[in-house]
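Here subunit A shows up in two complexes: once beside subunit B, once beside subunit C.
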Partner chain A sequence: MHSDRAPLGLKVAAGLGLAFMHLPILLIFVYAFTTEDKSYQWPPPGFTLKWFAVTWERTDVWEAMGLSLKVASISTVIALILGTLCAAAVSRTKFFGREAISLLVILPIALPGIITGISLRSAFNLADIPFSFWTIVLGHATFCVVVVYNNAVARFRRVSGSLVEASMDLGANSFQTFRYVILPNISTALLAGGMLAFALSFDEVIVTTFTAGQQQTLPIWMLEELVRPRQRPVTNVVAMIVVIVTFLPILGAYYLTRGTDTVAGQGK
Partner chain B sequence: MTSAIRLSGVSRHYGAVKAVDNIDLDIAEGEFFAMLGPSGSGKTTTLRLIAGFERPTVGEIQIYGEVAQGIPPYKRPVNTVFQDYALFPHLNVRDNVAYGLMVAGVAKYARHKSADDALEMVALGAYGNRSPSELSGGQRQRVALARALVNKPKALLLDEPLGALDLKLREQMQEELKALQRSLGITFVFVTHDQGEALSMADRVAVFNEGRIVQIGTPEDIYYRPESPFVADFVGSSNVLPPRFVAPLIGRQVYGSLRPEAVYLADQGHPAQVTSVSFLGTATRVSITVGDVAMTMLLPKGAAIPKAGDTVQVNWDDADLHLMAAP
Partner chain C sequence: MSTLSGMLTRISDTLWRKPNLLILLLILPPALWLGIIYLGSLFALLAQSFFSIDEFSGVIKYELTLKTYGELFRPSNFDIIVRTVVMAIAVTIGAAIIGFPVAYFAARYARGKWKALFYLGVMMPLWSSYLVKVYSWKLILAKEGILNWMFETLRLGWLLDAYLSIPIIGGNSLSVSATGTFLVFLYVWLPFMILPIQASLERVPHTMLEASGDLGARPYQTFRHVLLPLALPGVIAGSIFTFSLTLGDYIIPQIVGSSRRFIGQAVYAYQGTAGNIPLAAAFAVVPIILMALYLWIAKRQGAFDAL
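On to the complex of A and B.
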């Protein structure tokens, strides 16, 4: 028999599960307002907004934040270009080794980050490349490309090949066809992939640990802060900001890709 | 008559597969030309060679006297109506039709006006703001037609454009296409696997089989004077009679073809066994075997209808027995 109402026990279990996942995040928000700065005391003895002002004054926070934003932006741009080109090649043409290339592109996201990190570090060492901003970007691009590629390749498969031929037939050259037919049909997939890539890069720790020199991205800075606490609630304020910065793009990606299964090929 | 499209010794091979094999074709300006054949016979590949989506392995294609070699699809003076219509899902109907003008740099007002005129021509004037997904199959087909015609091509290529429509709509569109071609006066090259469609619409028909053209001619030529058993069988659903059957009748080792409506019941003639009878409305189709050769005959309304299992006498006029050389 079918019932629309879930049993009470299931509801409670689901509620507990959700609470287990999300309450700790709320806890971080609460500690951003505590008056106590040495340890995480519960309940907080008092509430204050002063840590926001303190965070604002801390130059190390700004530097880490700026570096993370720059790394995430550039990695995302690289991923958008390479990921789209790769997806186009794999879905539009048939060539020897196509499946192998598809697998190799996806592999970095399946590999543990620590493997990617170690292998990149030894490769950079071997090639005598000094660790810098660009080595971090390269490390992040390895998995950002995958996210964009996966989104784009799925959409390319739905854009029927005859649309491209129709465009060429009607007088559009390759550039016009890309601009007026392909791009509008894959744009939401690219935006979603780009946002996910940005969010992934923004909170990446493991690969960054191996590929960074002296620079501190935001997540690395937070780890350092936890080890050597100094004005502890500042970390919580920053954590709040990180949650917001990464949550918004993911939410955006969700809304953009939702319900677009019929973007192309609905004429069939 | 000027030549619109000329193919000389054109082949398209994919490895060992000869999709199109040494084709010669001369389509006249203003002609309604059908390419007819079973699937995989090379007719669609030939159309794609003309449109420029495929390159010939060997041979030369001329479009209005100009050698097409190396000219990309977007610079050829032909437009295509695709089998799946290939309407752009992200553009509304008006922008779909105006696409060719848009990429050619025509200003927005002018191109929208031309698009609306083209939509008017296919009786979809009120549908400019709709999305292609909101249209029925027949309406999408008309939009695809308007989109191809708005560029004023010298020749229109149609790849099984009526294949996805139901019977009634297909018959209506056949008439409209024919009327449209007459009023525009441009060359139509039409690919179909439906012999009725080819015979009723085209000025000339090329019958394709296994990558080759087996016969080119008017619908009457193809229907009444097939040059090979394949054409007789595919086009007219004629009775193809093997040489061993024909030789005793006329004394020559050739194939014969006999249209079902030319066979009639007679008092004196060839003894035949009736295997099945099906009522078609205007006529009745009777399957018979004469000796060891299977045939069908079409009996008009009002004729005496035998039953399955009966032994009857059938005959035909010698003039209706069409003879063909080797297969």
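On to the complex of A and C.
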């Protein structure tokens, strides 16, 4: 039956499309090892591991990395709590304003990041809140909620209500039911949502430029290097590390939600 | 029974008897967070766009006026809006053309391992670092970079030079041309176009395409009159992403592109060094209005009914 074989043209076009999406990232892996440090010369004149050692010694990179990890962890925890609560309420019953709530959750990521960023900044200015670690977290948690929410709401819908009722009939109270019946059922979805929220926060730059004061998260550090390149080889190495660090949670989220209704990262 | 667990049981009973209270308790923290922090800030921004700035002292005058919105229509500002919209349209069309075959192959032909590969193949670039993706194009488009090298090696350098000498889309080199900006936008937003198209194509039954063939349609006719209309909601859903994301971005044109500004850069510049928050706010409202308009047209075309 010919309809199960893809036409050659389609195969080629799809393959080229995938190549277009992946080759540029692979290029970064090559540049991390180049001996050239003044320009982006191709082909690289030689290969070296020297820049890994140089990057290792750079305290500014470590500080930025530490701040990014801290911000991402705390934002993820806040997003997990808020997103799960929201998903629990929305999936449970129809109530007044339900549609408005789901729209509200999605809005921070549906509107361009610059709008979220500048709104928060002008609000902080109006309220005389100085920029700090917490203003960064405030912004990040706001747009991370949606990722957790999307993963959790799909799973909540599949946890049948009769499970909860059975647990209550057997004498468990709401808290025990949550701890021993609901939580095990939604845990992988929460883990996946949390990982994606972490990746999203770890990588965020647009909102962060508006909500950070003097602090430098890793993406902000990277942006500075992009606008005014000072040490290209170090940037190459950091870029490669960032690729690896963000790929791991994505792969993890994929394997955790594989075979369920929801698709990891649906919401981005 | 200890007092603690007794109390928990009582709370639990109350919640069970009054489900509305439970819903309220569940929804309150996220609603307060998003309502106060996010919506509050958004309204604060919108409000500022109705103020104006005193041209001589540079101080914000807190009187309601539409003067700031009027400034958007000054030629220099209006050009920025037009340029951004044209870029958004070009990126959307480009993404649809490149993304469609990938989505179609993944939805229709890929099975088993290949399906997973295609899925990850789209998810990985979607979720990998935005800045790293932009950076990789800085490497590619640089004068001494791989793309120029390829043109030189193939002895096609003259072709690239001829292309770059075209005004508006050309420039001194690819990395400072509008074409460069376009390529980076296209690259960064492409996965957002593929996923919704693939989702809409997954729902097209095989049998329908076979029926079209059985009734004598050539492959092109089947594509044009059966597949494309069924996939259109997906294309429109994807275009909402590519359009909106291009409208609001300010980092890509800053790093790869000419000195001609886009909306995002204008917002950034006016709120930063220029200190003209009202005009920055008014500029920020432009993408919101354009997106609202776009969604409204998409809805009227029935794109959401089919989703």
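Everything below uses one rule, namely that the second predicted complex is superposed on the first by the 254 of 268 C-alpha atoms of A that agree within 3 Å, B and C clash if a C-alpha of one lies under 4 Å from a C-alpha of the other, contacts with A are read in each partner's own complex, and residues count from 1 in each chain.
Here is the rule we go by: contacts are C-beta pairs under 8 Å (C-beta built on N, C-alpha and C of every residue); 3 or more make two chains touch, one makes a residue touch a chain.
Keep in mind that this is a model prediction, so the values were computed, not measured.
When the two structures are aligned on the shared chain, A:Asp169 is found in touch with subunit B, with no touch to subunit C. Applying the stated contact rule after C-alpha superposition, one finds that A:Ala192 touches neither subunit B nor subunit C. Touch criterion met: A:Val181 reaches subunit B, while subunit C stays clear of it. By the document's definition of touching, neither partner reaches A:Val71: not subunit B, not subunit C. Between subunit B and subunit C, it is C that contacts the larger number of residues in subunit A.
Residue contacts after overlaying the shared chain place A:Pro219 against subunit C, while subunit B stays out of touching range.
In the superposition on chain A, A:Gly17 makes contact with subunit C only, while subunit B stays out of contact range.
Touch criterion not met for A:Val237: it reaches neither subunit B nor subunit C.
Shared contact residues of subunit A with subunit B and subunit C: 168, 173, 264-265, 268.
Listed in rising order, the residues of subunit A touching subunit C in the complex are 3-7, 10-11, 13-14, 17-18, 20-22, 24-25, 27-28, 31, 39-43, 81-83, 85-86, 88-90, 92-93, 95, 101, 104-105, 107-108, 110-116, 118-123, 126, 138, 141-142, 145, 168, 173-175, 196, 199-200, 203, 205-206, 219, 222-223, 226-227, 235, 239, 242-243, 246-247, 250-251, 254, 264-265, 268.
Contact residues on subunit B toward subunit A in their complex (touch as defined above): 51-53, 72-75, 79-80, 82-90, 99-100, 102-104, 132-133, 140, 147-148, 151. Of all residues in subunit C, only 8-9, 11-13, 15-16, 19-20, 22-23, 26-27, 29-31, 33-35, 37-42, 44-45, 48, 98-99, 101-102, 104-106, 108-109, 118-140, 142, 144-146, 149, 187, 190-192, 194, 206, 209-210, 213, 219, 244-245, 247-251, 254-255, 264, 267-268, 271, 277, 280-281, 284, 287-288, 291 touch subunit A in the complex they form. Those residues of subunit A whose C-beta lies close enough to touch subunit B in the complex are 160, 162-163, 165-173, 176, 180-181, 184-185, 262-268.
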